[in-house]
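Each remark here refers to the structure printed beneath this line.
As written, the chains take the letters A, B, C, D and E, and residue 1 is the first residue of each chain.
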Amino acid sequence: MRSKWKRWAGEYGLFLLTAICLINIWQWVVEAGMVPSFILPAPTAIGESLVNNREILLGEHLPATFLEVLIGFGISLIGGLLLGVSMHFSKILEKVLYPFLIISQTIPMIAISPIFIMWFGYTIWSKVAVTILVAFFPIVVSTYDGLKAGGSEYRELLLTMGAGRWTIFKKVQVPMALPSIMSGLKMAVVYCVVGATIGEWLGASEGLGYFSRRMSSNLQSDSVFAAIFLLSLMGIVLFLFISLLEKKLIKNKIR
Amino acid sequence: MRSKWKRWAGEYGLFLLTAICLINIWQWVVEAGMVPSFILPAPTAIGESLVNNREILLGEHLPATFLEVLIGFGISLIGGLLLGVSMHFSKILEKVLYPFLIISQTIPMIAISPIFIMWFGYTIWSKVAVTILVAFFPIVVSTYDGLKAGGSEYRELLLTMGAGRWTIFKKVQVPMALPSIMSGLKMAVVYCVVGATIGEWLGASEGLGYFSRRMSSNLQSDSVFAAIFLLSLMGIVLFLFISLLEKKLIKNKIR
Amino acid sequence: MREEIGLSNSNMLHIEDLTYTFDRDMQPIFQQLSLDLKAGEFVSLIGPSGSGKSTLFKLITGLLKPGQGKIQIAGNLSSGRLGKVGYMPQKDLLLPWRTVMENVLLPSEIAKEDKREKAHEIRAWLSRFGLKEYENAYPDELSGGMKQRVAFLRTIMTGRELLLLDEPFGALDSLTKRTMHSWLLGLWGELKKTVLFITHDLEEAILLSDRILLLQNRGVLEYKVNLPRPRNSESIYQPEFISMRKELERLIQHEE
Amino acid sequence: MREEIGLSNSNMLHIEDLTYTFDRDMQPIFQQLSLDLKAGEFVSLIGPSGSGKSTLFKLITGLLKPGQGKIQIAGNLSSGRLGKVGYMPQKDLLLPWRTVMENVLLPSEIAKEDKREKAHEIRAWLSRFGLKEYENAYPDELSGGMKQRVAFLRTIMTGRELLLLDEPFGALDSLTKRTMHSWLLGLWGELKKTVLFITHDLEEAILLSDRILLLQNRGVLEYKVNLPRPRNSESIYQPEFISMRKELERLIQHEE
Amino acid sequence: DKSPAKEEGLQKVSLMLDWYPNAVHSFLFAAQEKGYFKKQGLDVDIQMPADTNDPLKLVAAGKFDMAISYQPQVLVARGEDIPVRSFAALVRHPLNQLMVAADSPIQSPKDLAGRTIGYPSIPLDEAIIQTMVKADGGDAGKIKMVDVGWDLIPAMATKKTDALIGGYINHEKLLLDKEGHPMRTLNPADYGVPDYYELVLVGSEKGLKEKPEVFKKFMAAIRDGQKYVADHPEEGLSILLKHEDKSSPLEKDIETKSLEILLPLMDAGDKPFGYQDSVVWEHAAKWLKDTKIINKDIKPEDAYINF
């Protein structure tokens, strides 16, 4: 038990220490009036707002955003992996789809938000759609690029054993692509959080992005930053979760 | 000469064909009134707007955005590589910086737009800052993860030759991390385009993002999409450029 | 036509007029190479480093496509030779993310055989090969010779009639090698496998083979080993054996 | 104390009471192992597969840290042994993204020597090793034996006094091997290098060495080779040679 | 025509618009083009915001000398201790009005019961609707408010909502009309909401106290500008259009109609352009307090200053 705690401290202690230092500097900067609190509220004010709004923040808005992130990430994960794999197997698909994929990333959300609303209305799906749009790209690229990497000797060996493309894919290419894929997933899960936030700007009735926008129009910066704090926390937790998964999956693999 | 053309056609022909098909369907859908043209303008209308606004688009907005993208990507590239490498070498740096890196990705840009303007004013640097914020993450993650990958036997061999960390880094780790890094750069360069666009929303008087937002608020969808077309084009061209570089660099390497 | 089919049917491996070139502007590695392996034969392939022994194996397995000529396995002239022979590559090529057991199970997994049953069988083999305690070790925890033994065992587990072994015992000490020899001879005698065997150890070649093929630029030179079977490791000190070895050495030197 | 230093100074390699264990719960691979190499000696190391020969090399190079005991190179008892010996690993470990020339240049690059000059020298070596045309080939275009020769050449280019060679000629045919032997003997005689040599080929060991060390669980068994120098490949058929080999073989079998 | 020596003597003033340049800003560009600013010794730098809330904050932070904002927003800001003050009323009546389709059965706010109203999730809009429905004798509890994000027009055009609040009669309505979705508007001021100033000019308390003369000069210049635009609407507009043509052309017909709507709403009658009436501020403050948009007691007289 104690050693676990120690490991945990070793892992995150330094970050926490730096964070605490920075937060203190921040507090001091705001208190000294170097930055007006309505532009950058003091950490204590943010904390207060967090406590005051804890019920709606934790009870309503956080779960709503989290749900959007989960659904969006889930779909991106499945779709992105499938697409990356398909593009790996089919040169034609790759040539046709890659440009569209890039196009999808360069379109500013503002331009297609009306289209999303037309298609999905103000349901959760318009937010999920934005999340997918944002998370899809890194997953596809990292899957596709990961599968491209090396291992041709292993592939040849399996061929001589009579293995088909699919078997080789499963037994050689996937294990070798795993580091790259996990790298993409880590990015994607973080983007999902900001994707959901942007999605909530298209129209929502709950969620941290919605809350922050509303508070922003009320000029309550402390509440805006309270929501952002929770968003960041969500991003970090999800990232750590994928990192953990990565360690578990790759642990005894490519060493 | 001819064979070059042929290769080019083989490379992009299929995409162009599909694109032309899709554009035709799109034209038809709009003409048939299935989608209102102010939500999704017809391709011909976009083309017309492109032609009509060619002078300000190509003469003013495109170069402005391109400059932001270039500066932003350049700084992200250097900074991201440096940071990724530093994090690889220093566990402490990694533990301290990684969480901040993730936090930087989860903060909705709109919430901190006043901060950006406070710091950078209406200069090109506010846009560059956003671009960096967006492009930094994939570069750092892919560099860091790429350097983690395998090759311990090669490293040991070089150690016995008396090589220092830096030599091993240059001669073994960089070549092995290259695929992952290039994968990250490809994503980053695409994100740079959208980053510059977002940056221009925070305050600008030129650039394709600025133009598209202005036109959007005036419901001139055709001009919005004309700007988006140019943005996508820029994204694709930059992506292809990095892909080309990737091929050149990795060509005779891990085969 | 009929004759050809008849001829090839009696052979496990039939290669005719094989020509292969890696790069167009380079010299061909083989020109008009022909050879036959009867079912149940044990044949060694020797030749200078870089003469194309491993390449020939890759051609037989179907990994490389011949430029000219034909390759038949058990009378089947088909281009789909992949999966028809048991091939042990020169590098061990153990998958680094799989344990010894998982690596050896690979052919069974591909053939969709019952894993549990096979694992049992493999465990028995592992202890015969002196690898009992390494069932769950990863390849990077093994010595060079151990890896080779695991790779060899993996090839055996393909269960094919024709085995192509590319220097299977190169990294083994003489004692371990001897164990493997007697074991390989046993397998070959019992199960009537056909073996094509690359080695640089002339003693090994003489001890194991019915015939020895000398691969050289000009073609294949055959050397028949007229020693009675069963043979054992003591044979190498017999005068016939030593004279054979000397003859073979002369042949190689002469060819150069 | 003084005596110890005096003793170790005259030796190129001095190992005393070395103990090493990979996993805590496993048996130690060496227990209280001691050995000495005089400057200019040629010593072979033989032993069963998995007995720890390669591990011993990794300990000497400094890649692994000894559990107990000490290792001295040229009298320096320092933990910083990395970069002090020329080490040829059992796997060729050629960098796949570098050509043959670039791979062989690696040690010179690390030592920051003049590349142009070295490239010239290397070209001469390459043609002596029968690799003249492969200067710009990538490792995956080479045969197994060629790769070994390139890795061997790379080790030579480190220019160290003490060379640790882990089965350098394992994948070579007898002719090529012979060329390499005579070449290695020449290098050793001329440049007064000290060589520790892992092999499974007893003939090779006898032909090349001053002493042969038999690595076994219980420690190291020494066998002195009392053959006059210069020796050549014809020697292997001499009666003393054959009797030596038999003796050695008996020794190995007896030890098991 | 500009001699550098003269330029040097000019005092730099930075101004942040409420939104992108449009017809409502004609007087600014006219003042600039016609040299009214220069005549007052000012060199005005005009910038656009990313978010409609930014101008207030940036003025309060001293990054800008002045900004265009909204009267209720100024009061909200004062409630949040953001030190800003209005110094001129630009548009004297609500532009933000309830819109319904021209053929909609909704005739007055009470008909909204059971309907969905799209809005950009600004609490102020909620208060407006509540007040309007209550004043009209309807049941405010039966109204469904739907956040439509930053895109007001598609919500209406794709018929996802029955009514819309948050859009301007001189912009969103005109655009919807043009796209074939004619709209009817219901003015909040007719249904219990005080007739507040839609757009006001704000400065920071500090700035207003330290250099009132700059604001005086500025007011003088924009009064000239507004007079010019009122007298020559076409020319005034063409100055704006010409200015914008360089980067992002505006649609002439829309802006023409917009200016037609705006000019009467900007006219202060017998008072000078920009004059603010204490009654309007008091009513607005009271209403905001009543609807709980503001929870603190604020002094409306401190929220503005007339030059």
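The rule is short, and it goes like this: a residue touches a chain if its C-beta (ideal position, glycine included) is under 8 Å from a C-beta of that chain, and two chains touch if they have at least 3 such contacts.
Protein identities per chain, from UniProt: A, B = ABC transporter permease; C, D = ABC transporter ATP-binding protein.
Because the structure is a prediction, the values reported are computed rather than measured.
Peer 1: Count the smallest number of chain-to-chain hops linking chain A (ABC transporter permease) with chain E, moving only between touching chains.
Peer 2: 1
Peer 1: Among the chain pairs here, which one is joined by the most contacts?
Peer 2: Summing C-beta contacts for every pairing gives the maximum at A-B.
Peer 1: Compute the distance, rounded to whole Å, between the mean C-alpha positions of chain A (ABC transporter permease) and chain D.
Peer 2: The mean C-alpha positions of chain A (ABC transporter permease) and chain D differ by 52 Å.
Peer 1: Measuring centre to centre with CA averages, how many angstrom lie between chain A (ABC transporter permease) and chain B (ABC transporter permease)?
Peer 2: Roughly 18 Å, centre to centre.
Peer 1: Between chain C and chain E, what distance separates the C-alpha centroids? Give it in angstrom.
Peer 2: 87
Peer 1: Just curious, how far off is chain D from chain C if you go by their C-alpha centres, in Å?
Peer 2: Distance between chain centres: 29 Å.
Peer 1: Two-or-more-chain contact residues of chain E, please, as numbers and ranges.
Peer 2: 51, 57, 61, 153-154, 158
Peer 1: Scan chain C for residues touching two or more other chains and write them down.
Peer 2: 91, in rising order.
Peer 1: Show the residues in chain A (ABC transporter permease) shared as contacts by 2 or more other chains, in ascending order.
Peer 2: 35, 39, 110, 114, 118, 201, 213, 216, 254-255
Peer 1: How about chain E: which of its residues touch chain B (ABC transporter permease) in the complex?
Peer 2: Chain E reaches chain B (ABC transporter permease) through residues 19-20, 47-51, 54, 57-58, 61, 63, 153-154, 157-158, 175, 178-179, 246-251, 254.
Peer 1: Which residues, counting only chain E, touch chain A (ABC transporter permease) once they are in their complex?
Peer 2: 51-53, 56-57, 60-61, 73, 76-77, 80-82, 120-124, 146-151, 153-155, 158, 160
Peer 1: State the interface residues of chain B (ABC transporter permease) toward chain A (ABC transporter permease) in the complex, per the touch definition above.
Peer 2: Listed in rising order, the residues are 11-12, 14-15, 18-19, 35, 39-40, 92, 95-96, 98-100, 102-103, 105-108, 110-111, 114-115, 118, 137-138, 141-142, 145-146, 148-150, 152, 179-180, 182-184, 186-187, 190-191, 193-194, 197-198, 201, 209, 212-213, 216, 221, 224-225, 228, 231-232, 234-236, 239, 254-255.
Peer 1: Which chain A (ABC transporter permease) residues qualify as touching chain C in the complex?
Peer 2: 153-154, 156-163, 167, 171-172, 175, 252-255
Peer 1: Write out the stretch or stretches of chain A (ABC transporter permease) touching chain E in their complex.
Peer 2: 35-36, 38-39, 110, 113-114, 117-118, 121-122, 200-205, 210, 213-214, 216-220
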